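Which chain is which? They are A, B, C and D, in the order written, and residues in each are numbered from 1.
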Amino acid sequence: MPEYDYLVDVRNLKTFFYTEDGVVPAVDRVSLRIKSGETLGVVGESGCGKSVTSLSIMRLIQEPPGKILEGEIFFKGENLLLKPEEEMRKIRGGDIAMIFQEPMTSLNPVYTVGDQVSEAIILHQGLSKKDAIDKVVQMFKLVGISDAERRVNSYPHQLSGGMRQRVMIAMALSCSPDLLIADEPTTALDVTIQAQILELMKELKGRLGMAIILVTHNLGVVAEMAQNIMVMYAGKVVEYASARDIFKTPQHPYSYGLLYSVPRLDRGKSKEPLLTIEGIVPNPYNMPPGCRFHPRCKFRMDICDKEEPPLTAIENSERSVACWLFIRRGKQDFLSEGVI
Amino acid sequence: MAKDEVLVEVKNLFKYFPISGGVFGRTVANVKAVDGVSFIIRKGEALGLVGESGSGKTTVGRTLLRLIEPTKGKITYDGVDITTISRAKLRPMRKHMQIIFQDPFGSLNPRMTVGEMLGEPMEIHGVAHGRDKDHRIQDLLELVGLRGEHARRYPHEFSGGQRQRVGIARALALNPAFIVADEPVSALDVSIQAQIINLLIDLQSRLNLTFLFIAHDLGVVKRMCDTVAVMYLGNIMEHAENTKLFGQPLHPYTQALLSAVPIPDPDIKRERIILRGDIPSPVNPPPGCKFHTRCQNFISGLCDVKIPELREVRPLHLVACHLV
Amino acid sequence: MRDYVIRRLIQLVPLIIIVSVLIYGIIDLAPGDPLEQLLLDPDFTMEDLARLEQIYGVGGPFPERWAKWFWRLIRYQDLGVARFHPYPVWDLIVERVPITLRLSILAMSVSLLVAVPLGIFSAKRQYSSWDNFFTGLAFMGRSMPTFWFGIMLILIFGIYLGGTPLELPMGNLTSIIFTEGVPWITLQLDAAKHLILPVLVLGLAGMTGWTRYVRSTLLEVLRMDYIRTARAKGLSERVVIWKHAIRNVLIPLITLVALALPGLFAGAIITETIFAIPGMGRLIFSAVISKDFSLAVGALTFLCFLTIASNLLADILYAVVDPRVRYR
Amino acid sequence: MPEVTSIKKSTEFDLSKEEYSYWGVVWNRFRRHRMAVFGLVILTIIVLFSIITPLISHYEFDTMSLEDRFSPPSSQFLLGTDELGRDVLVRLAYGGRVSLFVAIVASISSLIIGAIIGGISGFFGGWLDNFLMRLVDVLLSIPTFPLLMILAMYFGGSLWNIILIFAILGWMGESRLIRGYFLSIKETEFVEAAFAIGASSRRIIFRHIMPNTLAVLLVSVTLSVGGVILFEAALSYLGLGIQPPTPSWGNMLQRSMEYILGAPTKGGGPPWWLTFYPGLMIFLTALSVNFLGDGLRDALDPRMKM
């Protein structure tokens, strides 16, 4: 039995960017926990800090301008932020692997895909070049790349977007990671290809049993893949709950707004206006005081622009919400109110 | 409002983009972006054109406004054949048909103020001058949910959603009857997307606009459009009223496409059709029915040989499939 | 790939023809009749002149004259006779090219040896004081009039340091007049010593330009997604830079280097003049100064062909090293 | 429809407090660029020096004083005198006028030629583009500097001839650059939008494309001034550029070469000032122009958030 409860336990992570134009609090005291084999969906709009959170876990933040200011990232009970760079490198690509949004640009154009995938295998498993290539072929077959023996000698530009993403997945899974971080893995793909990749990820997860952090803006994708969901807004966690709870009874006005402003196939009539969240995402250099969502919030109270709402847990559950409305009045039923 | 009056009619539209190569740089192949497309749009209707990358939906939109010259085919707008008329005769017609673009950053000239951008079409067509023009600019800005004083600002001072509103205002500046909206919300964040969709829905009913709404997001199309046409590799596979297409899709591709869209509800478990392989290249599309290489119901000797015609299998429900 | 090379070769044909028309146009503009000076030779008769006029198409229409000139150039490597040297222009050029070629290749190599490590060093420490220092140096190099740089080096190493161990030879290719019996190594060392200053002056532009190029391209490449992928794999920063980044920097640099050769030949005009080196550059300079038209234009023709050839080389090299072009 | 009106009412506008124009942004970025500001200051000093010095000096550029030949720098002749006893300082100022004039006029002329040809090529495309770009290929395969020398030898080195030669030989690179920009701007959606509203070609070129290439043109012309200064100096140094008695920095250097190795100077030693100062002026001018161009490029960066 391992001596940790959570595979990943991030506490109060703070990653800021210091640019010429000012300071961006990209990730501001974010905490999250994942058990082995579990999938966490991280949801939010562009600039909410979801990608920076995942890159921080990998310690891949470019410094400067970025800097992990404080917090702890426990992985298998050890704090990654205290590890020397060398040890961190052993974890990257080994125990924690990552796939990215743009399969077009995420592979080096001047090396064959076989070479690029085998690199990680040679590094982390100490196989010879030849054995590593055999392993690559095996991995390519696993991720459903047809004609795998020939494909290892292909250059990225010779493959389609879907194929490249399969290569990325093969690369990530080649060293049997305990945690896979998938940063918008299907955003750049067509719907039918997205369906293929999601299916593949589900299948491989069942087979290999790794935990997944799935970063995406697509609520449908997390609904399908994740057990738990973390909603982020402007660098903050606003709500953290099981997928079912989030989708059935969202507690933060932003989660609710996000859910109901998406036009869906399974409900809503033609020409019927959508619910909207008014206004725009705040300027990252100049975040609003108090709750960062308050300028756009329909339920704004006096306290909202003065004090930041703490992330408050609901008793006897894994669920927590950062909203004054919730703290003051308890559980909300936005659905019956119908407007936001 | 005469709902049945046809405003735009497209007949057998083709657009091939040549690829040069070889020793002498001759045309060695064609990207068959649009490969024989026909449809009509009625007055006041919003037709949604959906498809994945390489389906040719964007090319259709551009060709309709003759921003791209068609290779072959006929497009009539309000009874006027616009494929054969000269550029000079086309220019006054541009008043009636406009376009909204996808990219809120690339679609506004960074060196022009919003006011200059909105005033420009009025100047070109001599619609309004001086005071009158300024008033119209203010009205337009308010119509799309911006404020009059924004006329003095440059695009870089706006957020993506606001820029998209400017783009919409520019398209509306000449009071057009027909608007091609090319993925107008796909570059926007979810919460901003909803604002723009609502704006477009509102504008359509208020100004009685006719839309060709190009998108790859089926949810958006379902919300926005009266009828929907599904494209695949340069052909229309299915064309029907909104409720029919989303309720009872008949073409196997449409069925797969709809089932591929993830639904944000963990309780909904659907039978998902996973298509095999990639979308073939439009340079060298499969013979016969272009979808046959990925189709589960494919019948050898029929689907890979004979091109299926787009037929009306039910009233106002057209499908191009041998098996329906 | 093969198609690509063939296509490039075929495209060269009209280019060469038009360039040669332009060059012949310049010759045609030249004052005086190139044949008349032959009459200065007492053995040269009017009959000889008439015969030559026939060969050279004197008095014919421009296309005919050009065609005859071009044919002689292609078939017999005949670029005419130099005015003040009693030699065919072609022979003079062939004699001088190796000297300049050696100088250029040395300058190129030195530039690359300096530029690549320095560019990488600067990029890795972007905005550090070392980076700023090299940036300043690169700007100074780009703004330096080469001839002045050369003169200043001569002043310093030849005159002020004259007689000290730091003195460097200021001109020619060797100071050993009689080579017989002198050991080979001594000859080489002597030649090397003579080459230090010219190579430095000729290589200055490449050194500074390529350093900047390597720096900015590497910075750009390091921002690419695939570099993030490489880091996410757990590769060390050394492997990330020397395997994943550097190849993407060097591919465009190779073409840049191939294209630099004609520029170095042109730059040699100044360098060889300052250091009194008997190469192509000085040949061109002396031809222009003495208004020797056939020699000057002959040398220009040679340089044009060199440019066209290095363009072709650059394109082919690019296609060979970049898989995106290779497998299209 | 209540929702729609509510959009209008409550949409927040997170616009910055003060309105700022594009050029305001550029100036702010430029100001932060230390080297660029340094370049601008040095260049201004050089220009002022060239204009003002002859107005306040006791000497003309051709005032000879044979008893003062080869005087080293002193309080009487701040930068010494040359082989004819002429004041180097004044000659430098005059040379600066000539060199800067040649460089600026030649750069602007070749830029205009380049912009017109590149613009036509990029905008209209087709066979015209093909023809013009092949022409550029041809001209680019003739090495510039030797051709410059031959033309200068043939036409002679008068001020206007030199300018003309530089203008004619300098536009090819710029035309390629401008063509590239025209091509890519022509593909943008805002140009498509202009087509869609029925704008004429002329309006699209001058109203939509040109203003967006202005930044590149400015950088290009600045950097080209630096290049022409160096080229003209090299040409003069070889005795083919501006001919004496008109002083230019290049021909001052060239004259000095005859005396640098052992002319009788008043203080003994070589007359280094004859070589050093003109070269330094060329160097400083080119350096400041390059700094300025680099700073402008960063400040005007087309990739900047517009």
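Everything that follows uses one rule, which is that contacts are C-beta pairs under 8 Å (C-beta built on N, C-alpha and C of every residue); 3 or more make two chains touch, one makes a residue touch a chain.
Heads up on the chains, UniProt names are A = Oligopeptide transport ATP-binding protein OppD; B = Oligopeptide transport ATP-binding protein OppF; C = Dipeptide transport system permease protein DppB; D = Dipeptide transport system permease protein DppC.
For clarity, every value in this text was computed on a predicted model and none was experimentally measured.
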A-C or C-D, whichever has more C-beta pairs in contact: C-D
Chain of greatest Cα-centre distance to chain B: C
Geometric centre: closest chain by C-alpha means: D
Separation of mean Cα positions, chain C and chain A [Å, integer]: 54
Distance from the mean Cα position of chain D to that of chain C, given in whole angstrom: 25
Centre-of-Cα separation between chain D and chain B, whole angstrom: 48
Inter-chain centre distance, chain A versus chain D - centres from mean C-alpha coordinates, in Å: 51
Shared-contact residues (touching 2 or more other chains) in chain D: 1, 3-4, 7, 11, 14
Junction residues of chain C - those touching two or more other chains: none
In chain A, residues with contacts to at least two other chains: 273, 275-276, 278, 280
Chain D partner contacts - residues on chain C that touch it in the complex: 14-15, 18-19, 22-23, 26, 29-31, 135-136, 139-140, 142-148, 151-152, 155, 159, 262-263, 265-267, 269-270, 273, 284-285, 288-289, 291, 296-297, 299-300, 303-304, 307-308, 311
Complex interface listing, chain C residues touching chain A: 224-226, 228-236, 244, 247-248, 251, 322-324, 327
Contacting residues of chain A [partner chain B, same complex]: 45-46, 160, 162-163, 190-196, 198-199, 217-224, 243-244, 247-248, 257-259, 261-266, 268, 270-278, 280-281
Touching residues (chain side chain B, partner chain D) in the complex: 62, 65, 67, 90-92, 94-95, 98-99, 101-103, 105-112, 120-121, 124-125, 142, 145, 147, 150, 152-159, 162, 167, 170, 173-174, 195, 198-199, 202, 205
Touching residues on chain A, where the partner in the complex is chain C: 58, 60, 89-94, 97-98, 100, 102, 105-111, 116, 119-120, 123-124, 155, 157-158, 168, 171
